[in-house]
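Could you have a look at this structure, given as structure tokens, before my questions?
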Amino acid sequence: MLKLVGVETFYGKVKALHGVSLEVQKGQLVCILGANGAGKTTILKTISGLVSPEMGTVRFEGRRIDQMDPEEIVALGISHVPEGRRIFPELTVYENLLMGGFLIESGDLLRERLEATYDHFPLLKKRRHQLAGTLSGGEQQMLAISRALMLKPKLLLMDEPSLGLSPLLVRNIFRTIRRLHESGVTILLVEQNVNLALQIADYGYVLSNGKIFISGTYEELIEEEKVREYYLGEGKYIRRSRLWSG
Amino acid sequence: MKGRYEDEKLFWIPVLIAAVFLLPFLLKGMTNSYRYYLYVLNIAGIYMILTVGLDLLSGYTGLISLGHAAFFAIGAYLSAILVDQGGLPFELSLIIAPLLTGLFGLVIGFPALRLEGMYLGLATMGFGFIVKRMIIALRQWTQGSNGLQVSSPHIFGFTFRNDWDNYFLIYTGVVLTVVIARRMVRSKLGRAFMAIRDSERAAEAVGIRLAKYKMISFFISGVFAGFAGVLFAHTSHFISTDHFDILLSVYFIIMILVGGVGSIYGAVLGALFIVLLDNLAIPLFKDWLQTFITVEAGDIQSLIFGLIMFLFIIFQPTGLYGLWLKVRIYWKLFPFNPRKRFS
Amino acid sequence: AKKELTPGVTDTEILIGNIQDLSGPMKELGYLLPAGANLYFQYINDQGGIYGRKIRMLVEDHQYNPQKAVAAAKKLIEKDQVFCLYQVIGTSTSEAIIPILEEYKIPLVAPATQSGTMSRPLRRYIFQTDTGYDKQMNVLIDYILRQDKNARIGLIYQDDNYGANALKGAAEAEARHKITLQKESYQRGASDFSGQVGNLMKGGATHVIIAGIVREPIIIMKTAAAMGYRPQFLGLSPTMDHRVAIAAGPAGEGYIAANFAPLWNSDAPGPVLYRKLHDKYADPKTLPLGMYSYYGFATATVLVEALKNAGKDLTRASFLQALNSLDYKGGSFPDFKWTRTNHGSSGKVVLVQVKNGKQVEISDWLD
Amino acid sequence: MTELLTGLSQEVVSGIALGCIYALVALGFTLIYRATEVVNFAQGELMMVGAYVNFFLVSRISANLGITGAWMYFIAFMGALLFAIIFGIILDLVINRPLRDQPVFSVIMATISISIILRALVAMIAGPFTHIQSSPFGDGVVSFNKIAISVQDVFIIFCAIVLVILFYIFFRKSRWGVAMQATSADPTAAQLMGIPVKKVYRLVWIFATLVATVGGILLAPKTLLDTNIGFIGLKAFPAAVLGGFGSVPGAIFGGVILGIIETISAGTLSYHFAWIKEINDVIPWLVLIAVLMVKPDGIFGIAKVKKV
Amino acid sequence: MPDLLIDNLHIHFDGVIALDDVSLTVKSGEIFSLIGPNGSGKSTLFNCINGFNRPRKGAIRFGGINLLRKKTHEIPLLGIARTFQNLQNVPYMTVLDNVLLGAHLRISKRDTVKRWLSRKQRVAEEALALEIMDLLGIANFERKYLLGQPFGIRKLVEIARALVSRPKLILLDEPAAGMNDQETIEIAKIITEIRNELGITVLVVEHDMRLVMRISDRICVLDSGKVITIGKPDEVKQHPEVVKVFLGEGTDA
């Protein structure tokens, strides 16, 4: 369904992705892992068109999408829950959701989706007329996810959805993700919560310094010593200055 | 562990200063009309002093001022009145008038404690108009809208009579200003300014008193503008409210933008660039253009100015200083391009 | 000994510098004044110039900004090496370059401003051809009181140095006649005058003097007509523009403006020559006949006469000498005489009235 | 007493008409600010261009097509609006596109440079002369009870109110209106919602040129037409800020309030207090600063929310 | 070193009650964790301590001084530093300068003048910042501009900025959010080092239960602005209400 081949992305003159190739099959839940600054977010941004790659191709359902505008890509059925939520702080919760459904032309459908969202996250219904900027961190995260779901995307890109959520909610979110997955949505997930992520993922890619360095299923990855060492906190001691050497 | 001052290179600073003071001699050797070029440089120098101050305020502290011509005017009129009508020696006026202008800065800075972004910009713009009006209303001292003749600078028995003399006076001021401003921005003060600009919350949380530092920023900026005003009044011998209008304030903003917001050298380069462009480059360009097309109106001059400015913003939004940095360390990402700084 | 070369003067050319507002609020004049002057220069040059020297004029832009005027003057003097300055427009802009005139000992002939401050007190290097606004005010008020002894006079003035000079004249007239004018002010660029007009109506002014430019008299007269208020409107020389008559329509009928030179379409010798030269040299599409180009033309005749009087050995000293003893009878201005102690104009004014939408002179030269 | 009242009401009526012109400029500021956070310093010049185009069309239509009277004005008006749409698209291409990823402040400076360019270009094309633009309503005056208002002014008030109501509804009710706000808050996130950000930008620039053109056409007969009429933009700033930058009802409110203040202070106030004359032209700014000290976001503005 | 006493704190924002009669004590030298579901008022409590929010009633005392009477910028003077959940740092300044920002109050006016004249003084001033950055493992970033640095680094810069003022009490708002397991372990170590080596009292808000359980001396659980329980990690973990609103059944923490 989604296929990246040899993608290289730059921020100005800084190369953030050094030839990334990965594939997501229809109906799969694929997870990308990696240290801080490895380039996970950049992959998602490249897919959703917020940055365009200098080299390589991105294909979605066989079509090249790497030179398209983000709004065209969204229309193809790819929704992106961006890092740091990026809700519209000066709009109300309701208006935020409305914007999530911007591409829906029919009013009935829009209302239906809104209700579905409120069912999913009843809290949002309570806060419907609050300015989104005043929501707590977790509430904002819920809003960001539901906003992306308004369009019922074919492929959902999620960038650290559990960031800053309480354990209960994290589990809720993961349950939601699994449910979405089971209902047929293809998902590409970026997570730091490696344990949980790999438990629900069909396949995982591990990114390091802008390159895919290992990939495999949960069982395969969990066996890899490097993965355990770096991401599961089970390895030998790593000096701090090396851990954060950017 | 290596501190950042270990490999700081300082040797070229005296070289640059020497070059500044040797330039007039070079010019004199090169052209007969060197005095005109010196005059242009003098104006640039005066504007440099002001834009450095403006950059501290707008570029570093993030408080935009669209009324800086007012500070300039206050400095100029204060000194003209103090020296010519009050009998104050010029040397003293050179210190007192800027300080008094700084106090005006405090008054004008007062709304800054509550206002943000463009609201502040427009409030300062309003102050620009109000100050101009005030100058006219105080016609007893200022001659109203007729303008005021001003005496020459006179320091310890030496009178600065012409552009040649003025050059040395003004550029001494420029060098002083730049050195002081550079030191400021690399100290606690500068960090506080930048913190206020980028995150007031963080600033408060580390114990920076927003009100105090915003006021300090306005004060310093006012002092610099006042200093520029004093030099302007006494070296051009005539001041009038017609000069200190909103367009001048906008010009100052253009200067720091073209130079690169948030860098002292950028402000200096910007002032130099705009003044040279306006006075030397555009007339040349106009003459050249007029050999191809016959346009009667002098509008071609403003057209070129507008176009160059526009192209500059489109193609070099980081400003001149950014350009220079790119040349020096071409591969390094340099964030002299704050996003949404004034929004 | 070899003669010291005079800047701007060669065997074949005299270079003069003009500083106009080419891109600011007065850019219309910035175009028309030099164009009018060039009519006469071309005429003189076609006759072989002055002692074989043709006149060439450089025009710089100051956008009505004193600092830019200084820069332009320095450029003209230092870089282009002009012989003298001529027709610098604006009061504060002209004042700004006085220190330069004195530093370089260069005369400025016929500054394009009718502010009396240009020649009173005496400025050594400035020679004014126009009757000051203060004098014009005096003349207008005298005129009104001659027509109607019980007139109540109102004044609407632009609140800047133009208005200040008009107020000075008003104060003189008030003192002489022991009257008080009702004074209303407006800001440059204002487009609504209902407040001022309403006040004058309330104050019962029978005659209203407008110290404005073009737009103001039009709007003021229209506003007054709409309110049903019909005093006699009069104005200073800048309001003499023919567009006032056109745009104000019926409301502007009978409007009287003071003028310091003969009306451009009158039969005085200056205007006659002006129209002849315009026929010959100008394209009426790009340079219509009118008061501003006439004004440029008229000052050019003064400049040329002084240049002629300076003689074959043209130096700044000889030119100054000629200016200081110029006895002008060229007919483009009312006759006047410059001396060492008087660089002012004749002080005379002619009144022009709108009759059936056309401007006609209705008085002799008054002072 | 009645004299005072008639005087005052006359000034209020004139002030409303004047204020509606300010409101139209302020509305232009508002539209662009709403979607892009850019303060468009060229708004006054857009107005000037609109007025010139209309003037050109009016004279061409009567000269070349021989159409006069109401039709002439109507056709010219429509032509000018059409031009405004094209012009808006061009401006969006020139200003907004290349500067999309630049700080807002750069775009603001670009608008300043555009204003310089437009003033120069129009002067070069149309010549340095000041023109007289006649009003389609001639010198018609409506008067009631000694209070006079020209038909042109009535028309100005009408147009301003209609435009403000239209845009108010647009921002409140329509999907696109909310999308504009979303775009201004976070263009990147807006793109991720499928909001065509480029189209939104183009749309606001078209709206702004349209409003400006209408304003220019309405203003020109009230004054003379020259390249400096754009400076009315400077006078409309306090109006826009007073109402709250970016607020549609704020634009008309601020404009009308300042229009009335201007006429009253030039009229009745300075009649009774001579010193008012000294500060007449800065009264709008004094009012503005006073209001901002109490309400830092203007009267109808909303404060930004920040969460730490 | 003083304790932090919070007494009957109450605050609401148009309708939403963010803190409802919250009372708790953070003892000197303790690592005290504040946990609770999203929107339960944890950050708001920080904001009250540090003066961004003004509660309706209640008191916060630190060393006998009621913090509610103090202005925001006076709080750090008393020795309280904080970090932010939504990072608040200066992108257009180097990492070193960002850290030095925290030393604002430590650099006296006299030093400022001296600093202008002497380079030695400037180097000395930076030594302290570099020391702290070294402790956190980000010393090699000193000259880089903060813009474009990974989230984790920016987070550490915030902590370093708080530490460089040598506070008595430090408030950390979700220090481990967005970190992977290995990094979280490192953060846990850092927090214990802060307490053990620098002797600073730590009040931390965190959602990562492993981290909280590992380092906390005591834990307070908030829900909808109310304190549910305060106690040792093991007690809290078992508390039925906590399991219900925060941890969820079958926790793996």
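To keep things simple, chains are lettered A, B, C, D and E as they appear, and every chain counts its residues starting from 1.
Here, contacts are C-beta pairs under 8 Å (C-beta built on N, C-alpha and C of every residue); 3 or more make two chains touch, one makes a residue touch a chain.
Fair warning: this is a prediction, and the values are worked out from it, not measured in the lab.
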Margin query: Just to be sure I understand the contacts, which chains border both chain B and chain A?
Written below: D, E
Margin query: Tell me which has more C-beta contacts between its two chains, B-E or A-D.
Written below: B-E
Next item on the list: Just give me the whole-number Å value for how far the CA centre of chain A lies from that of chain E.
Entry: 28
Item checked: Whole-Å separation of chain centres (CA-atom averages), chain A against chain C -> 74
Item checked: Distance from the mean Cα position of chain D to that of chain C, given in whole angstrom -> 35
Item checked: Touching two or more other chains - residues of chain B -> 136, 201, 296-297, 299, 301-302, 333, 338
Item checked: chain E, residues touching no fewer than two other chains -> 43, 52, 84-86, 88, 134, 139, 148
Check: chain C: which residues touch two or more other chains?
Finding: 23, 27, 30-31, 159, 286
Next item on the list: Spell out the part of chain E that touches chain B in their complex, as residue ranges.
Entry: 50-52, 71-77, 81-82, 84, 88-94, 96-97, 100-105, 107, 112, 115-116, 119, 122-123, 126-127, 130-131, 134, 139, 142-143, 145, 147-148, 161, 165
Notebook entry, point to check: For chain D, which residues are in contact with chain A within the complex?
Noted result: 175, 178-179, 181-182, 185-186, 188-198, 302, 304-307
Item checked: Residues of chain B touching chain D in the complex -> 64, 111, 114-116, 118-119, 121-123, 125-127, 129-130, 133, 136-137, 201, 246, 250, 253-254, 257, 261, 295-297, 299-303, 305-307, 309-310, 313-314, 317, 337-343
Note to self: Can you tell me which positions in chain C touch chain B when the two form their complex?
What the structure shows: 20, 22-23, 27, 30-31, 59, 61, 63-67, 70-71, 74-75, 77-79, 81, 91-93, 95-99, 103, 117, 159-161, 164, 286
Notebook entry, point to check: What part of chain D is in contact with chain C in the complex they form?
Noted result: 3, 7, 10-11, 14-15, 17-18, 21, 119-120, 123, 127-130, 132, 139, 141, 143, 146, 148-150, 219, 222-224, 226-228, 231-232, 235, 259, 262-268, 270-271, 277, 280-281
